[in-house]
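Read from first to last, the chains carry the letters A, B and C; within each, the first residue is number 1.
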């Protein structure tokens, strides 16, 4: 016997959570685009989307974030540090890969200097993930040793019912249990079966790839130039990625007042590492693509014991020239370590 | 921080002397700063720039930073007046372990605008001169005008307990230039310091570092006795923003100070 | 022989003879409907070539890759008419020497493609002239017509909503053959002309700057539109500007390699006097 949330109770749930002061967020489709956006009622959700265009990352680490405001008067600088808006949120219908991405980035934002913006939002957001019963050709979670029903980063996991009328509820964390207390009387016991999970074929052998990447001789391999030749150096793969976290600080305003902001930045951009002198350690697009792959599957796991990729496949799905992690790691799988 | 003094070092190169406005910040600096660390200096409305702390760990009442005016932030810093306020974050990064240098001979090799980080170590050692053996400084720049800290070069030259070898690149000498003419690595080989019981600290543009390491190897220096500081582009200073890594090494966290042995293990193409 | 096989043969010939050092074309992509750019350097690699109606991307941007044409050797490239117009603009703006570009032309609809006769950009002048001829009477994009009917306020709100999704990944810029600047104005910070942040104002600024910089230069290939990962209908903006430039100056971008850039040239009899 398991707890079940029926679809026709969802509108009631949304109303309850909103009444309790939570902002309810979920997958929303609008004409040609899709996103994780705030909803007012259950009908606003679209659970048919395989994956929204942008990952869930932006809800925790926005593309632009005010850090410090400043006002300068004669010999006095008055600054005020911004904090993330105190907003309790529930994300209903996150995908397992997106939720995993958050858990992957937690140690990065927490080592040494603790990023309050990230952790305040993490602590005040309940993540209700829906296991995938549908995947597309770009999905690759299984290649990353994750699955369409991974619980990593989630507070509650929902499994769609076979009869398509609701979800089996698995509460995973205290934060999840707390949020579901609010709707406890809307849940019911049931013995319905969960729908079969999406079949996501394994696309490459991760261990073989990691072994190849760890061999220092392969750093200078001609492979990097060949595989990245068509890369046009835009930042779309990094900006859509649930785990890419590079950023820039930018001041906007004038001599008297303005805001210092934290903006997304990308290792794909040619100016990202450019020195004042003009020397650029990653001066070619192939060096930049190598950095991205090495960082995700060699450097990052070396520091935080986890690969910086959750297999969402957006890097390939939305790449203007049909590149991406999948193609690169598939090619590496075939090379001698 | 407040600018309490400023000095032109060379065309386009300026030193600012800064004093803390907030006692707590000053206390934090006094507790944590060791030679080799860096800071992020900024002007609201323009942004932040990363430079080393050019003053030594033996003088913590103020911070000196030296920079070349080139980008948006440094242009505004260069035109700032005494009494102006600028922002500072730090100190960040690791340090030169100078207590491990006690009792040893020291050779400092530096080029152009890279003398500031070396200078922090030099003064940190000269301020407790008795703890070290022979001190040799090899410093070169493209032209005579490009030499920075000219008044201090004069001071070091006069000292009996410091051997100063100055050089400028061929063609960069002035009619009254009395010192060497030639590239730093060549001049270093001519000076031929003994590697015995000796620590080398080198800092300069990537190309100078590359050839100086070769020269030191020729002279018989062990890679573990050669220290350098890598100055990559940085924005956050705390291991998150993603730019400064060379291979798996985050320069802002695990550096900027490395031994030549550590540098040789990094992917050379990304340096 | 299918057009694909004909062209494979041609590619092998021009590579074997040394007429070109490389051919830029298409190959199969991740999914059945996707094609990805292909760089063919040996006759054997021509086997990977795919040429069909799914070959949509304008590949001409790769020609301005730093150093590619600096050895004065020729490069072959598969282009539709819009891509050939891009070559003309790149030549007119002194970004490449059109004599180094061997064009493997093709055109077609959603179902099939046919070969275009010619080798150098100038061989296609008549084809491009006839496209211009038909431009004013060509069916307009229905979405564009709908937007034109809106009140200024509605229109502003429409675009604000579209731009609110922009994440400033600059895929539109990188995918555009006309955005070849080594340092884009948004990457210049002395002074900081455009806000780099991706907020309401910054997104509007970027998209307006992009629209103006492409006015009279855009050939309507749609690379930007397809590249946008959040599906902003960028093509509509460019189409609107192209229409304005055609109406006001009778300028159709990319007619020939000597065509003057419409917004970067001055004529004494210009009815606008503001510049003096």
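The criterion applied here is as follows: a residue touches a chain if its C-beta (ideal position, glycine included) is under 8 Å from a C-beta of that chain, and two chains touch if they have at least 3 such contacts.
All of these numbers come straight from a predicted model, not from anything done at the bench.
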Which one chain sits nearest the middle, judging by mean Cα positions? A
Starting from the Cα centroid of subunit B, hunt down the chain whose centroid lies farthest away. C
Measure off the straight-line distance from the CA centroid of subunit B to the CA centroid of subunit C, and report it in whole Å. 48
Could you tell me the distance, in whole angstrom, between the mean C-alpha positions of subunit A and subunit B? 40
Chain-centre distance (mean CA atoms) for subunit A and subunit C, in whole Å, is 32
Multi-chain touching residues of subunit B, meaning two or more other chains, are 71
Could you check subunit A for residues that touch two or more other chains and list them? 248, 250
Under the touch definition given earlier, write down the residues of subunit A that touch subunit C in their complex. 32-33, 35, 53-54, 58, 63-64, 137-138, 229-230, 232-236, 238-240, 248, 250, 252, 261, 263-264, 266, 269, 271, 314, 316, 318, 320-324, 326-327
In the complex, the residues of subunit C that touch subunit B are 189-190, 192
The residues of subunit B that touch subunit A in their complex are 44-48, 68, 70-71, 74, 83-85, 87, 205-206, 231-233, 235-236, 238-248, 253, 267, 269-271
Under the stated contact criterion, what part of subunit B meets subunit C in this complex? 71-72, 75
Subunit B-facing residues of subunit A, complex: 70, 72, 75-77, 79, 108-109, 111-113, 115, 216, 219-220, 245-251, 253-256, 258, 260, 265, 267, 272-277, 279, 281-282, 287, 291, 294-295, 298-299, 302-303
